[in-house]
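Take this structure first; my questions come after.
Letters A, B, C and D name the chains as they come in the text, with residue numbers starting at 1 for each one.
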Amino acid sequence: MRSRRAGQAEGEPSPPTRYPRHGGAGDFERVVFFTDAVFAIAMTLLVVEIGVPERVAGDADDPAALLDALGDKAPLVLAFFIGCYVIGSYWVAHHRLMSWLVAVDRGFVALTVVYLSFVALLPFPTAVLGEFGQNPVSVVAFAVNMGAVSTMEAVLTSHARRRHLFREEWPADVYRWYLRGSLSPVLLFAASMPVAFVSPWLAIAIWFLAIPLGALLDRLRPAEAGRYLP
Amino acid sequence: MRSRRAGQAEGEPSPPTRYPRHGGAGDFERVVFFTDAVFAIAMTLLVVEIGVPERVAGDADDPAALLDALGDKAPLVLAFFIGCYVIGSYWVAHHRLMSWLVAVDRGFVALTVVYLSFVALLPFPTAVLGEFGQNPVSVVAFAVNMGAVSTMEAVLTSHARRRHLFREEWPADVYRWYLRGSLSPVLLFAASMPVAFVSPWLAIAIWFLAIPLGALLDRLRPAEAGRYLP
Amino acid sequence: MRSRRAGQAEGEPSPPTRYPRHGGAGDFERVVFFTDAVFAIAMTLLVVEIGVPERVAGDADDPAALLDALGDKAPLVLAFFIGCYVIGSYWVAHHRLMSWLVAVDRGFVALTVVYLSFVALLPFPTAVLGEFGQNPVSVVAFAVNMGAVSTMEAVLTSHARRRHLFREEWPADVYRWYLRGSLSPVLLFAASMPVAFVSPWLAIAIWFLAIPLGALLDRLRPAEAGRYLP
Amino acid sequence: MRSRRAGQAEGEPSPPTRYPRHGGAGDFERVVFFTDAVFAIAMTLLVVEIGVPERVAGDADDPAALLDALGDKAPLVLAFFIGCYVIGSYWVAHHRLMSWLVAVDRGFVALTVVYLSFVALLPFPTAVLGEFGQNPVSVVAFAVNMGAVSTMEAVLTSHARRRHLFREEWPADVYRWYLRGSLSPVLLFAASMPVAFVSPWLAIAIWFLAIPLGALLDRLRPAEAGRYLP
């Protein structure tokens, strides 16, 4: 306490302790962290929309009555899981994108805020889907929101390439291949919209074609892609 | 743009500052962080389900009336604490598992998303338990959700072993012993379900047998386990 | 206990494993992290206020009825996006401020709690704006809250300068220029309040003048500012 | 891709990329992080309890009517700020405690989960206080919850001392002095409870005596305390 450092005034009862900066909280890391936090919160908030059956038809202690009331919640629980896996998949995709970057710039940060606003919105169409699963409009709303997230993902990638934020410059064919993978779900979401008016469940099934489509695109990946996209 | 460091263009009013990546935000760390965030949010969201008594029977300033209204919330507060300790215990268990890994792979990340979807769901059966504690169905719903989390924990462990993600290869008996510890709560949850139809509180008491059972299994731990599971 | 490493006692069934501290979780970093978490949660919580249309006028499966019900939510969704971008912008500004510091002291931490209380409050006026967008009072409430956040930002900067927390001492003109940039939005918010009584939407438009105003102030930035505010 | 590392199978379309562990996510750090996240969420969740006035008496666009409706929310907003500063103060206290530790053990982690359950509960009595501020029972409920958090803080400190988790062993008088500082708010909370039945606002004022009391205790701090509690 004797050898005071800058900023410490004498005679104060509790001297102003300074907590110096370490290496751990860089600006790149804050962007990653903020993104992860928004994803984690959006995913966990989905549960709030399920809600609790406040009263059951009949006796509150009657198993059949509560089972019935919980059964009414089944579409909301299903929507919860769809929402979790959609948000989880976007998080994994963002995770991969960030692992290829050496830096971010201010434009990337600003675009990330736009991207995250669409991620943070996802619990809204998820809850609408849970409440009105048979209504094509709720399927369309969900698809539009997912399309916006996928599009912003492609915008972030393209910004990163233009500003030379990748570890190595990507060759044009690697970049085209990657962008196709990012945007192909958007096509599926668009295709699912008219289908929703025929059968909402069929439209939702189309979204899950993203998984075999992704595997198919993986087969078409350029030979040198492994070097740039480990 | 080639000769200038850090992507700064001349003549722009605010040059695009670049924030370079440091060592702190690796991909392994993001998985750990994302998991911790989901656990922390799920635990803290439990409080939302308690709710505030919006009106009391009688005068809003009458202590007896508010005490009465808060008394009605007692089962919800009890369910809140049960939920906190269950989520806290799962977090501690995940904490231990991750401390033994040297790496994660994409499969582990995908399984983690599934695992976290069950963790994020926990506030739902917790709230149902608080609202319908005397109803065996709410006890069963909670036990099913906990069983799913415990099972996914065992799936993560088994995936980590198959993909050689542990610091050292575990001998078969250490692995078997660990898996037994992971899955024994599932047996307790299953056993508690029929009991719930006799007495919901007895069923909840059975869950807490996990603590002495864990201590018992600790006594059976193979001599060399300490090396692999510090 | 002295001769045994890591506090492990003999004969105990599960020895008390110790998890030693690494460099990563310094006190400076915790302040940054806590701030980021509050921003991320405030931004993501905005979606809760949108809510789900619980029933639609007419058949739940009728596209027109649901489209109508969702249309009623449009002002809330617009308010959600305004809230996201406002919170996102404050986060970016805080991000920049912290990147210039070498340390924080206790006073800075205490002021950060006050600053964050106004950030955490933002979802409230955002929801009021969504619900009562045509009412000048909701515009004023939002402007007052934003003004409080901007003011606290300037208070944090001034505290950091007084306590010598910046990497380098800022010259007076750099400091004055920066403070002007921090406080100019407060003037815009104040100016928007009487305008809100003429036209709420015009008042909101005035807030967005912060962007060209920021660009203008960037042109006035002192030559040596780049050294202190990279 | 040619020289495969462990866990990579041949012939798969997308090889299982491994993300190795870095130094950043140690177990000590996860405990700190989890705690910070719970604090940040509890603080930010307070805003949810304010709620939006769903309808106003009269025209939705009438400034006087909305001002009136927002005026009804004033006690909830006041409770929000009280809650923010209480949670913020506890976070700062925990921050200080952790900065003195070199390690945590399993018992410390388990006690932290109990401690956090009381922190996570705080939004509940905060909302009750906002809704029933004139009712002494709501003041008592808030004081009981704060007392539980302060007590757990002392329990954590005492556990840390018993298990030798501090950087240096604290002398008995330093420890006694610190514990007195931790527990003196509990006395204030206890003293405020009977006062609440005379005047709820006087009882809340007593809580804020913690600030001058803390300053007074700082004057009594043993000479060598600065070495152990920087």
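One rule holds for everything that comes next: a contact is a pair of C-beta atoms (placed from the backbone, for glycine too) under 8 Å apart; a residue touches a chain by one contact, two chains touch by 3 or more.
None of these values were measured; they are calculated from a predicted model.
Undergrad: Where centres are the averaged C-alpha coordinates, which chain has the largest centre distance to chain A?
TA: It is D whose centre lies farthest from that of chain A.
Undergrad: When chain C touches chain D, do the two copies use mostly the same residue numbers, with over half shared, or different ones?
TA: Different: when the shared numbers are divided by all numbers used, the fraction is under half.
Undergrad: Compute the distance, rounded to whole Å, between the mean C-alpha positions of chain B and chain C.
TA: 29
Undergrad: Provide the C-alpha centroid distance between chain A and chain B, rounded to the nearest whole angstrom.
TA: 20
Undergrad: Can you list the chain B residues in contact with two or more other chains?
TA: Each of 14, 17, 19, 23-25, 27, 33, 37, 41, 45, 48, 99, 106, 109 in chain B touches at least two other chains.
Undergrad: Which chain D residues qualify as touching chain C in the complex?
TA: 23-29, 31-33, 36-37, 39-41, 43-48, 50, 52-54, 56, 60-63, 66-67, 70, 77, 80-81, 84-85, 88-89, 91-92, 95, 98-99, 101-107, 109, 163-165
Undergrad: Help me check something: in the complex, which residues belonging to chain C touch chain D?
TA: 1, 6-7, 14, 16-25, 27, 30, 33-34, 37-38, 41-42, 45, 48-49, 106, 109-110, 113-114, 116-117, 120-124, 127-128, 130-132, 134-138, 141, 197
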